[in-house]
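This is the structure I have questions about; it appears just below.
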Amino acid sequence: MEINILSFIYLLASVTFIVGLKMLSHPTTARKGNAVAAAGMTIAIFGTIFLYNDQGETLGNYGWIFGGLAIGTILGTLSAKRVKMTAMPEMVSLFNGMGGACAALISIVEFDHLMHLDGMSGLLMVLAGSAAVQGFLLIILLGLIIGSVSFAGSMVAWGKLNGSLRDFSFRGQQAFNIGLLLLILGLATYLIVALPSNALLLFYIIFGLSILYGIFFVFPIGGADMPVVISLLNSFTGVAAACGGFLYDNKVMLTGGILVGAAGTLLTILMCKAMNRSLTNVLIGAFGGNTATASAGPSQGAYKEISLSDAAVVMSYANKVMIVPGYGLAVAQAQHACHELEKILSAKGVEVSYAIHPVAGRMPGHMNVLLAEADVSYEKLLEMEQANEEFSTTDVVLILGANDVVNPAAKSDPASPIYGMPILDVELAKHVIVNKRSMKPGYAGIENDLFFRPKTSMLFGDAKKVLQDLISEVKNS
Amino acid sequence: MEINILSFIYLLASVTFIVGLKMLSHPTTARKGNAVAAAGMTIAIFGTIFLYNDQGETLGNYGWIFGGLAIGTILGTLSAKRVKMTAMPEMVSLFNGMGGACAALISIVEFDHLMHLDGMSGLLMVLAGSAAVQGFLLIILLGLIIGSVSFAGSMVAWGKLNGSLRDFSFRGQQAFNIGLLLLILGLATYLIVALPSNALLLFYIIFGLSILYGIFFVFPIGGADMPVVISLLNSFTGVAAACGGFLYDNKVMLTGGILVGAAGTLLTILMCKAMNRSLTNVLIGAFGGNTATASAGPSQGAYKEISLSDAAVVMSYANKVMIVPGYGLAVAQAQHACHELEKILSAKGVEVSYAIHPVAGRMPGHMNVLLAEADVSYEKLLEMEQANEEFSTTDVVLILGANDVVNPAAKSDPASPIYGMPILDVELAKHVIVNKRSMKPGYAGIENDLFFRPKTSMLFGDAKKVLQDLISEVKNS
Amino acid sequence: MSSVFNWIHEHQAMIYIVVLMIFVGIEVIGSVPSVLHTPLMSGANAIHGVVIIGAIIVMGKAETDNYLALALGFLAVVLGTLNVVGGFVVTDRMLEMFSKKKKSS
Amino acid sequence: MSSVFNWIHEHQAMIYIVVLMIFVGIEVIGSVPSVLHTPLMSGANAIHGVVIIGAIIVMGKAETDNYLALALGFLAVVLGTLNVVGGFVVTDRMLEMFSKKKKSS
């Protein structure tokens, strides 16, 4: 009986996942969609705990299970609540890694179980013929490999995003990676087909190599591309979860996993499209290896600086100011100061709005989230196309920690790695003031010709500090 | 072995159905999509014939099967190739009815089979317990009822569209229909639960009542709403086919049937939306019963006529002429004459284009198909929104057999059954010439105030005849 | 109630397929332009002609002395084929019109 | 080759579910605006946390003297829960930002 109810609960949960994901992809219903999926997940979890029944065998170890759930819930909630908005992608990457690790662990325990079979069930297994065992092994290994790659890759992505890991690649890494992958697949095939006596050792070797592959897979990819990589690894974890569904003939794991696997893959492609790049281009790393040379180009001459007070004056007496926020603004946590400046300028009769490039920052929607946090009103945010129409009537463009998204090389230099990406045409405006800390390049690692143009003046310093100073200058002017 | 290949073929066919339907809903891929689905269907059919294997039992009666296939193919191809473009919806309705009948026949044979079970299989059936038999019966009856309703309904829709059946309804028909449906469901439940000794008789009674219900269901609905009804019956037949899938545990029937059931239902709703009406409104028949009164309103005064030669002169000396085609143009098969007139006017330097209302004619896209048949170029066809912008600069609007789609009551009279439907604002133009045969109303059965407006002149006669006369007049003028 | 859950459990796979197929059916034609409504309806109509497979099975399994089954099965095969073949051919003809139109533009 | 067909035949239901789910997954997020990419990724991330159910089964089935299984199972439950709970909470926080933004407009 219980198992019948559980089947129904699983069906319900599968439907909530689909409906939830559907709702998540529309702005007005997104939040409710998340809640719907979460509700489905909750009933699936508790249904499993209390109603699971495999030919009469129910679950035990309730202490351990609830202990694990409690610890996970507390840690998960706390870290998710505490994390700064700008560190969200790291957090997603971390959680994704946990899911991958979970899938890998399940495979490890099940393999261990398979190796130590004894009594009735062991006998049955052998009787059932090797084909069934091989299918079982295949799924266990798939879960192990995909889960491990996803785990290791996510950890590297996390490290890169929070700045503790630097890009790293060596000559021939591409070939090395492919070799490693082939080795893993070869060993796995051998294990399944031959089932040698040292299977357990082989299994752990495959495990280790998969972790290694995950690391080498993500390491050479540029930090700016991490959101794409995380999305890809996300769909990997989905497939790993689906392997669990095959393993236990568990429909909700199967459907949930495949759903994420498919949707995640499409989402990855959509993300690449938003940056006007192909997935292969991201993975083989136009930013990472090949074009390291491009960044070594010589500086294109001299740039002009502007003093804080001059900048304040220019903006105070402008009719229309456009602020272009970028990754630097997020790093400096200067969104509140930025909103402050906007309000003071508006009070002086200046028309202020924000030009939002779709891939400014480090994740899609980064700038929207950031400015929303500081209560900037929605109408003041202009999308790229809109903004590009407004620039020609703008007096001052204030660029705050943005770089690649205003780099004219994207339009003019076919050799540039960002060539073809649509950019904000700030040069249509009368003056361009650029705030950043140095002349160092942005995440694509390339020079920005804009900084050397006659219309441009540099205003060096940390975005938050500079904005605060600007505010007091404007107040006094 | 064969059965394994068949499973694969079925999987492939299911995928082609999905992909085909997906491609069918985009203009550029639609035709290829149809071919993809057809290919999937072909392999599924031949796969079944040659590879089917139910526990060792293969199919026989190849002569009958191929005979049936041949007859069906020849009849189907010939009638589909011969049918006039304007009679397409009737044809679809007819084919849909065939599918419904096929599903009902399958149920009849299987029920008969069940009643005459003997020997091993009969024993097995009884041993399997009544629950299994009941499930089987449920599916057989569902297939029978839905298939029969779809068949009978489609036949009535077909009759209405080709004009051999008139609308017909009586007071309390709605209640009668609901009662009939409840009776059918009640009898079916009784049959399943009690399995009385006179089951076979009961079965045929249910069959007869279902046919009756199908007839009474469609009869009161206005002929103009037939495309919507056909779409709905189409999704019914899909569900009936899916019942067959349950019956034979046949996945391709199941997936194909459910796919059409779901997509057809959505399509029905989309069609209603295009006419700015709700599905209930269509089914309960705002046009059919309730608003027969609305059509009885008195004529709103006098109308003006225009002579052929005057009409020819007005158009020849216009700068811009807009043609509004409607159902009457299709009935008169005047599309070629219409194209002819357009060419002659263009040769005289008049700018001519067509204003296409989305629900002009009797099926969505009717006018596009019709004019395409006469080789009218695509750029000359304006969609409603576009056309409405152009009317204010238009000198002459020539309305050819359109009525409801230019009825201002849709905007001004909340009591009108078509109130709320967007219309073509022909009155923005300088002159309006209306061609129809009489002052009779169009399919919504309501008066059209436009005909009595000062800007409007009537040009009575069959559209084809009138156009031919206009052409010679314009040539001579 | 419990028999409902039991039924769901026993036909799990079928039910999942049905539910997912409903989602697929709805999503797949989500944004169809209204000119394509008729060809799409017609194409869908041809696809449910898959019921022909049931007719073939009925026909192929009928005992050679069961004339009712033979006659009805034969009729079912003919009608099902009409649905399939006629459906696809009519749809193709409709779409041919559209593509002709496209080319001439 | 024949064993592939055999495998397909035997796991038919599962394969249909997988194939249909792939279609659903792709269709469902067909036209997502780019601002929603990150929350959607995060939400999907939470959903694949359904792997926690496997962890619970592993844990619940472990014999009480099999310390490896107990330890790894426990770790799996903790990690899986982190994925689920953290995933949904983070997504909700992101979307909260958006809805606040909407209201203030």
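To keep things simple, chains are lettered A, B, C and D as they appear, and every chain counts its residues starting from 1.
Keep this in mind: a contact is a pair of C-beta atoms (placed from the backbone, for glycine too) under 8 Å apart; a residue touches a chain by one contact, two chains touch by 3 or more.
The model shown is predicted, which means the values in this text are computed figures rather than measured ones.
A.B. asks: Please identify the chain with the largest separation between its CA centroid and the CA centroid of chain D.
C.D. replies: Farthest chain from chain D, going by C-alpha centroids: B.
A.B. asks: Write down the chain pair with more C-beta contact pairs when B-D is set against B-C.
C.D. replies: The comparison resolves to B-C.
A.B. asks: Can you check how far apart chain C and chain D are, centre to centre, with Cα atoms defining each centre and the answer in Å?
C.D. replies: Each chain reduced to its C-alpha mean, chain C and chain D end up 33 Å apart.
A.B. asks: Determine the centre-to-centre distance between chain B and chain D, using the mean Cα coordinates as centres, and give it in whole Å.
C.D. replies: Going by mean C-alpha positions, chain B sits 42 Å from chain D.
A.B. asks: For chain A and chain D, let me know how many angstrom lie between their CA-based centres, rounded off.
C.D. replies: Once rounded, the distance between the two centres reads 16 Å.
A.B. asks: Mark out which residues of chain A touch at least two other chains, giving numbers and ranges.
C.D. replies: 18, 251, 255
A.B. asks: What parts of chain D, by residue number, touch at least two of the other chains?
C.D. replies: 14, 16-17, 20-21, 23-24, 28, 30-31, in rising order.
A.B. asks: Within their complex, state which residues of chain C touch chain A.
C.D. replies: Counting only chain C, the residues touching chain A are 2, 5-6, 8-9, 12, 15-16, 19-20, 23.
A.B. asks: Can you name the residues of chain C that touch chain B in the complex?
C.D. replies: 3, 7, 14, 17-18, 21-26, 28-62, 64, 68-70, 72-102, 104-105
A.B. asks: Help me check something: in the complex, which residues belonging to chain A touch chain C?
C.D. replies: For this pair, the touching residues of chain A are 1, 3-5, 7-8, 11, 14-15, 18, 251, 255.
A.B. asks: Spell out the residues on chain B that touch chain C in their complex, using ranges where they run on.
C.D. replies: Within the complex, chain B contacts chain C at residues 13, 17-18, 20-22, 24-27, 30-31, 33-35, 37-38, 41, 44-45, 48-49, 52, 54, 57-62, 64-65, 67-69, 71-73, 75-77, 79-81, 83, 85, 88-89, 91-92, 94-96, 98-99, 101-103, 105-106, 108-110, 112-113, 131, 135, 227, 230-231, 234-235, 237-238, 240-242, 244-248, 250-264, 266-267, 270-271, 274, 358, 363-366, 368-369, 372-373, 375, 377-379.
A.B. asks: If you look only at chain C, which of its residues touch chain D in the complex?
C.D. replies: 13-14, 16-17, 20-21, 23-24, 27-28, 30-31
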